[in-house]
């Protein structure tokens, strides 16, 4: 590869055609990368004209804070989807981690009542994270080692973990969490709710991991073509396991956020979030077929979903009308995205 | 010169060994094992009446799963199936009760059922238009129609349970040759679905489409129509499945059909259908998937197992299925 | 054979096509007549497949027109094209491994059962088999039509693809590199078949990088370069030198035997390596600076041998020594130890189709671009390295950072895989059909590259089905038959006949290759 | 935006008639006071409910009524509301702890169930012999379901001499699962003659299964299966009226809603309101049909009443 290039070789390599105008290029890149952002913004603008109170700073910050746990879980799902898998066990992991952490930071008092034991908070947090990552790792190893459909692997883990969580608690919530833990939900740094920079840091870390690190690049490679990746020396098994472990870890973080703000360990925590968790990623451009997806896309996917809920909530529509509106907005988002893709594709002189 | 040597190679690869051939039927074997296990413990479980129960109880989801399998084979997914079940049942209920459309009195059950067929087709057509026509990702498109259909049905029922007249229940109970109608419909749908997939040009083309849509187009197939067909069929199956299920219940509750799409997908995947398309079958695959889960729940009911144990047991058996499934594939 | 009239003429008039602003065909005008075979040649990425895709209805032209029998022909889809009598053998196989051979052959027109004059929507399996059998015979395929295509080796799949085009009873037949995985015998049979079709008035367009084949078969030849037509005329007016010159824009380098490096001690030693039935005990020494070819019949076990050495399949007995030390191969360990394996199946085992050239090119070498402690990938170094590797293999891509390799021409895709392995600076190269689909000029460059690597001390093991490739490139040729090495020839002993004889020797043994 | 006061109402679910009736009653009461209702439904998701309450507060509503998923998770919502100085009323479930000013309007799932089941068990004892019982348990993640299960167990404990529980059917509040579960349990124990359904909305499934097994008879008829439920919905009322149902635990929707809305406005106006407003509920049975007609919400809301035969 160090040979001197003959003149005509240089010509063929560079590609003969003149590069398209730089301005168009930039616009195109922006459009494709930030499409979900534009969607969310467009929807926001349209909605705030009609929905009272939507655009107030109060509501906006409320919106952002609301979406954090879902976003964290969706980021984990994004990693798994990129690697060509799917993680159905997120809700169960959220429940298990919620209960485990809550149980640890409370001691059983007289009459079976929960008594806060603040000194256990760090350990409880650590154990919840470990539990989440552990279940994720189990999923990942099962998928990697057995090479069976992730759908089935994570479905069965989800049933076993979710069922065991209910069983272990016999449906009872765990209350009286130490204030040092629950206060985190109200904590602020520089006037910003504590969880915001926390989740932002996590998202940034994921962003860097996916886009800049070796393992991130391997994730995309495995998701696109696992066989080719293996031939090229990618440790496919380890990469796959890592994706699920990340997902489990994210689910654990989400569980902690949920648990802190509800001040309760809940064996049913997160039961209903699966569709939103996958939906946020997919609306943000992640492909269920693997190999495609970004953190930024998922952030805006989650924001869009939260925005839909929030705005429809504020209008005070009937319950069924809210549902239908949600369906329509998702369709609208998808068709705008499609239109954009089509316009881009046609940009031939 | 051109590539030189000729073939000294047998036309095809090595035949799978006996183990692998056996493992190819992993879910079926597992189903048998479950049946034997429960049967050994409980005499009640072994009765023909109970077998009939399992079939009837499976019928709703199974019919939905037939359509779902077809969609999955194209590489798609239909999240709206459960909501379409609900919508169909709600509309049928309203029609049979009457007074829904001003001036329209109660209409007979068979007519109402007949009117639901086009409704199911229409729901499928909407999905088809979005996925095949509009090229919207199936997950997103059918997620949207899930909300639309469920919202619409909730509006129709005003989010209230809708009690159905007894005529409806007759539909669920009528027995032909000793087998209840829902069981017949289940068998018919499964047989028709499998025949469509394996014995018609359309079916074979669906497999091609699911394996590689670009290649399918290059091979001269009408990919848009094929894809649309799959979603239309799924809509039809969802609405039939909804009717069967509701004919057993007698009431359309506001949660009717919720998450049933998920049960259908799980059954299909358990039966060997790939989420990436191009692989799968209804018989025995999907049917075995449905029966496996339903049999487990039936057995646990009969043994009066601790309610908390259900998901754990079902999940664990699924995991075993997954493990066995590993055997059916050659290494790598 | 032809349903309607044989085609009188097919014409491209000033046809233009571009992708996202990059012109690929710049106004091509060309005509073919019924009963004529047109050879279409050009470098990788010249636009040959694109031109054929327009004809096959895969996508429409941006400008210009096509005429069939003097009437405007504008197919909206491949289906339209097929209806108009245009059949297409694609460069990348276009088969469905999940379906049977018979179903693949007649997928868009499966015969249906009739009942009292009524056509049922059910496949008539009997009729299907009956219709398919002559097609298989025509291409010399002797197999059960109910076999799943996924169970067939590559060469047989290509024959199936050809049989499918025959089944379409076309008036115009496009063959885009149909012989890349055919044996000489099969290729000859194909050519005979094409000549018969010519007599029946079918118009054919034959694309190949095998210039002797083109010159031997075609009635007329057209040369494309950079999306423009360079020349077009009767085949008699062309020879290899002219073709080369017009395709590439320069004269062919004189094929001087490259300098042979002094081979050092053995780098790679195979000791009784076996994984029956494909490989049954192979011992071989590869020395630094040496290029060793492996010849053999299709299915002789050559691919499997390389896979064993690289660690893609489990070794059942025997061992691999690298620098005298045992290597327990796995792709990762092998790569770290300096091995590289160029797969013969670039689509399934090579490329990340939706990724751009850069990530594809650097995939195997990626850990080398990652800096501890965070294993961040140094993207500018990565890009520079990828760019120079791309240049080294004469890759032709619009923008290596953005263009998905899916949209590269077939030959250029092959070059991307090659570039990937060059970037790992391998000490031992395992090359399986390294120049499949690569144009003549690039082929020479690749040979040159391989020689240079060898000169730098690397050992190279090349599997190729083109004996000429082996005799040009190698210092030694080992012949494999039925999983064993049956002959080893030094350069002076290189002889086509002798290699073939050795290759066939394995046939009598036992149950053949199994 | 029209100047009328806004009351944010968040329901955990609308999945049963009880909640739908509650929503309607709530809407009517709020409307009657010249205010507007902002409705949110959390679909069984505690976190979504939390977010909805956040949204209400951000929107600046004048009062909040929550039918919370359970008594524990509502605590942070009470804190938020009290911090924002917005009056908050809990409908149908009490808070687990005192974390801020709020008013609770509640019927006691545990107690009403216990009374209902005890009534049924007395009846069993009066009939004599040993009875085999089945309970349809609701969603194991739903506090109401658990409260009713516990009420059932507590009542049965006192009748262990005459009643043996042979089937505990998990329904996940799903009618199909309930139908399958009851069918299967009847298959296993054809002698079941005592059934409690944790919610009236599962009755259609129970009835369907009983009819299949040829065991759906009226009270007093031979082979009648003792039957009780919970809620007081229209189906239950009808079954009571035509003699199929023996007892039903009734909560008073109209009362609870009226009190909830009154409380939220009183709090807003700075008036004193008792912290807990208790709906005593009652057991409707064959012996108090007149009272049942008056106090059972299902007797009024019965949808499609006219069209049913």
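In this document, chain identifiers A, B, C and D correspond to the written order of the chains, with residue numbering beginning at 1 in each.
We take it that a residue touches a chain if its C-beta (ideal position, glycine included) is under 8 Å from a C-beta of that chain, and two chains touch if they have at least 3 such contacts.
Chain labels with UniProt names: A, B = Ribose transport system permease protein RbsC; C = Galactose/methyl galactoside import ATP-binding protein MglA.
For clarity, every value in this text was computed on a predicted model and none was experimentally measured.
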Contact-richer chain pair [A-D vs A-B]: A-B
Chain centre separation (chain A, chain D; CA means) in Å: 36
Gap in Å, rounded to a whole number, between the CA centres of chain B and chain A: 29
Separation of chain B from chain D, taking each centre as the mean of its C-alpha atoms, in whole Å: 33
Chain B and chain C, separation of their C-alpha mean positions in angstrom: 42
Touching two or more other chains - residues of chain A: 166, 318-319, 322
Touching two or more other chains - residue numbers and ranges from chain D: 14, 140
Chain B, residues touching no fewer than two other chains: 159, 306, 308, 310
Chains touching one another, given as label pairs in label order: A-B, A-C, A-D, B-C, B-D
Contact set on chain C toward chain A in their complex: 18-23, 43, 45, 62, 226, 248-250, 310, 312, 331-332, 334-336, 341, 343, 348-355, 359, 363-364, 366-367, 370, 374-377, 379, 388-392, 394-399, 419-420, 422-423, 448-449, 452
Complex contacts: residues of chain B adjacent to chain A: 75, 77, 79, 130, 134-137, 139-141, 143-148, 150-152, 154-155, 159, 265-266, 269-270, 274-276, 306, 308-312, 314-316, 318-319, 321-323, 325-326, 329
In the complex, chain A residues that touch chain D: 52-53, 56, 58-59, 62-63, 65-66, 69, 166, 171-173, 175-176, 182, 185, 258, 261-264, 266-273, 309-310, 313-314, 316, 318-319, 322
Interface residues, chain A side, partner chain C - complex: 1-3, 5, 8-10, 12-13, 15-17, 19-20, 208, 212-215, 217-218, 220-221, 224-225, 227-235, 291-292, 344-345, 347-349
Partner chain C, residues of chain B touching it in the complex: 1-14, 195, 199-202, 204-205, 207-208, 211-212, 215-222, 278-279, 331-332
